[in-house]
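I am attaching a structure below and will ask some questions about it afterwards.
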Amino acid sequence: MKIALFPGSFDPITLGHIDLIERAIPLFDKVIVAIGQNTQKQYHFDLEQRKSWVNAVCSKYDNVELGLYQGLTVNYAKEVQSHYLIRGLRNASDFDYEKTISQLNNIIGEGIETVFFISKPKYSHISSTIVREIIKGKGNVSEFVPDEVYEQISANY
Amino acid sequence: MKIALFPGSFDPITLGHIDLIERAIPLFDKVIVAIGQNTQKQYHFDLEQRKSWVNAVCSKYDNVELGLYQGLTVNYAKEVQSHYLIRGLRNASDFDYEKTISQLNNIIGEGIETVFFISKPKYSHISSTIVREIIKGKGNVSEFVPDEVYEQISANY
Amino acid sequence: MKIALFPGSFDPITLGHIDLIERAIPLFDKVIVAIGQNTQKQYHFDLEQRKSWVNAVCSKYDNVELGLYQGLTVNYAKEVQSHYLIRGLRNASDFDYEKTISQLNNIIGEGIETVFFISKPKYSHISSTIVREIIKGKGNVSEFVPDEVYEQISANY
Amino acid sequence: MKIALFPGSFDPITLGHIDLIERAIPLFDKVIVAIGQNTQKQYHFDLEQRKSWVNAVCSKYDNVELGLYQGLTVNYAKEVQSHYLIRGLRNASDFDYEKTISQLNNIIGEGIETVFFISKPKYSHISSTIVREIIKGKGNVSEFVPDEVYEQISANY
Amino acid sequence: MKIALFPGSFDPITLGHIDLIERAIPLFDKVIVAIGQNTQKQYHFDLEQRKSWVNAVCSKYDNVELGLYQGLTVNYAKEVQSHYLIRGLRNASDFDYEKTISQLNNIIGEGIETVFFISKPKYSHISSTIVREIIKGKGNVSEFVPDEVYEQISANY
Amino acid sequence: MKIALFPGSFDPITLGHIDLIERAIPLFDKVIVAIGQNTQKQYHFDLEQRKSWVNAVCSKYDNVELGLYQGLTVNYAKEVQSHYLIRGLRNASDFDYEKTISQLNNIIGEGIETVFFISKPKYSHISSTIVREIIKGKGNVSEFVPDEVYEQISANY
């Protein structure tokens, strides 16, 4: 069984993440969208909120499920028997960072493989960081996040 | 009337910023050099100080004025009826970031256009970040900032 | 009178070029779309064909016209009294090349200014080079070129 | 049945190509290593030679086979019922080029997907171009190409 | 006497740093591995720890010694009569940053020269930042740091 | 004796090359400016002309001399007992290319080391390619090449 891990903060989950999930589904038997919790990091949305949104997205697909972990991504991958990480590449700046991380994971993760997709043009300007900035500025994020996220944010602000 | 907005922190304003202002002037009827205030961000120089320096620079040109805003740049642009943002590009790293931001502003700003200039060689290594580091290290910033800024910094340190 | 020169081979003109022209129009009094002829270079479409397509595009706009030149772009700019070049940036690779060319033109062109727009996401994968490859492979270029070009290519192949 | 197409000139096939093939095998039911023939392009090694080397490599794996095509890659992919292209990324320069090509193939190939792997550090400086330069200079390419290629080249030169 | 300064945080020193030191040794009469202390910055390992590790490394070579400084690197360089900085480049993202810093140091350091080496493939994914992340996640850093660092970290965690 | 090889086509030698030579001189006992002749490549200026210009430049410095070679750079380096190559880096695009070449030379050249300098801002837009384009367009290259080259070009055109 080929299991892919899609690790991230998902603070919040965006349409860019969803595009990646949908492109990974046909290649793997199961895709785990895994929220990595770093106790030293500050998040804009709390864990319960982020879990709830990721869950809402995962439930739309067979064979996609929510995961949660602390510590190194490769340790969690081992735990859930995943030999693949999936990551998106938006631009050349992403590339150098992701190259370093994937080579590292390959070494400390005993051969774990990272499979990359290049973001589609209509998603290549979307990142959680930017979505958070727009939310802080009370701008409209309807074109960047799934309906579940948009509705809740609009209701709260 | 074509109004261009030049948004930034200007912490402090540098010769690189001024080069950009001077290159934008002939293209627009008015250039607003707008200090964006982010209450969650820490600045090296306080708002009054930054305003005073930007003002000193603006007053040297007809049709260049100081602006102040909080929140999203595109909201302020709408408020002052500016349909253009101006930004400088120093290197390929700047490029990927600015590409993302400009595409985003175009979407949430209902078609707002960003016009780019590539920094001249003699200014391409100047950034406010680096100027602040030199100031903290008590180095000489006379080649990087306008006289008003340099004199006050030298007097204070 | 502010005149912008948009230099290129236009072999053939694409939707990416047209987007750039439309974004330049509001900033300038006149935009000259200028085909540079380099006798040492081989073109896929002959000059008459390229002129005819650029002309068809230009005629849709007031204040946009076709130009033709040989030799250095800055010499032609001087001849037509244009102090501005306009160029599009698609990605970081474009950036380093265009930075070099614009600094050079600024020096040999006595202060000529290059104004840059970053390609919109939906156009950032379009280049004349790639369009030519698709044409050679008899693929469908209808999403990449204006109707005039598409119709003629389809009729011929 | 998930079929992946690995298109290229393979002039000659290198250890970098082989690494990519081995990483693609577990993800797909079949991998077609397809030599694209462009009649306007000049190759260092003739088609028979390149076919023979690719064949020697393919024969070491189950479910990996040689392909041959002319014209657009997406047309050949359709012909062999492959919905996936596989490509390697070595550095940021590769990235911008491959991004453009993959977006293009997605459009003209009716949704064809490109899956990327980032080259392992020990292969990231290998390219067919560089191998050819070393061969022309009569240098030792034993660390860059499979044994079959190395032996034949050494015998001939 | 040609003295090279290798400035950094060394939080902790890695095999990548050591590769750079060994490549600089034949070019200079003395190499000073200098830990820059920034009072506003938080370090993972305290100064005594970092000094002890750098010292252990330096002691393996003739003509390599530990340095310590606060404030601008160029001021310390002047103090120890070093006219050369040495830096490693791992990828294109490093490049734009290091270009800016080296041009700056050249100006404020009255002509100080920075000599660059490009990281060897096997070290190009190693950075202190990444080593710290692995340590926080209790992963194995034996392939990234010298034995002295590895043993102490393993003993403590 | 530390000998550095500065390999290139020098078609023609530029102020950027000279800056590099002058920065390498204090680090090495001898600098060989070596014109690589590739019989399959077309040059704008013939070998005699390029030799004459490089010679004129070398003669201004003690310990700088002209070299000539065919084939692989590392073979020539071995022949002249040079263990160092020197190269300039202008921008991030240069970086990825030079990284590949230097890693390759390190492998096929049995440990040969490449030392890099980053171009000074005033030289970072100069390349022989661009100088040739200006010359073809009969533009003024006085700011890009040494006097010897400029005078002869002006006299001939």
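Going in written order, the chains are labelled A, B, C, D, E and F, and every chain counts its residues from 1.
Methods note: a contact is a pair of C-beta atoms (placed from the backbone, for glycine too) under 8 Å apart; a residue touches a chain by one contact, two chains touch by 3 or more.
Small disclaimer: the values here were computed from a predicted structure and weren't measured.
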Third chains touching both chain E and chain D: A, F
Between chain D and chain B, distance of the C-alpha-averaged centres to the nearest whole Å: 47
Distance from the mean Cα position of chain F to that of chain B, given in whole angstrom: 39
Where chain A and chain B are represented by their mean Cα positions, the distance between them in whole Å: 33
Multi-chain contact sites of chain F, meaning residues that touch two or more partners: 91-93, 96, 99, 103, 121, 124-125
Chain-chain contacts as defined at top: A-B, A-C, A-D, A-E, B-C, B-E, B-F, C-D, C-F, D-E, D-F, E-F
Of all residues in chain F, those that touch chain B in their complex: 91-93, 121-122, 124-125
Residues of chain B that touch chain E when the two form their complex: 90-94, 124-125, 127, 130, 134, 136-140, 143
Chain F partner contacts - residues on chain E that touch it in the complex: 2, 23, 26-27, 84, 89, 91-92, 95-96, 98-99, 102-103, 106, 113-118, 120-121
Residues of chain A touching chain E in the complex: 40, 71-72, 74-75, 92-93, 96-97, 99-101, 103-104, 107-108
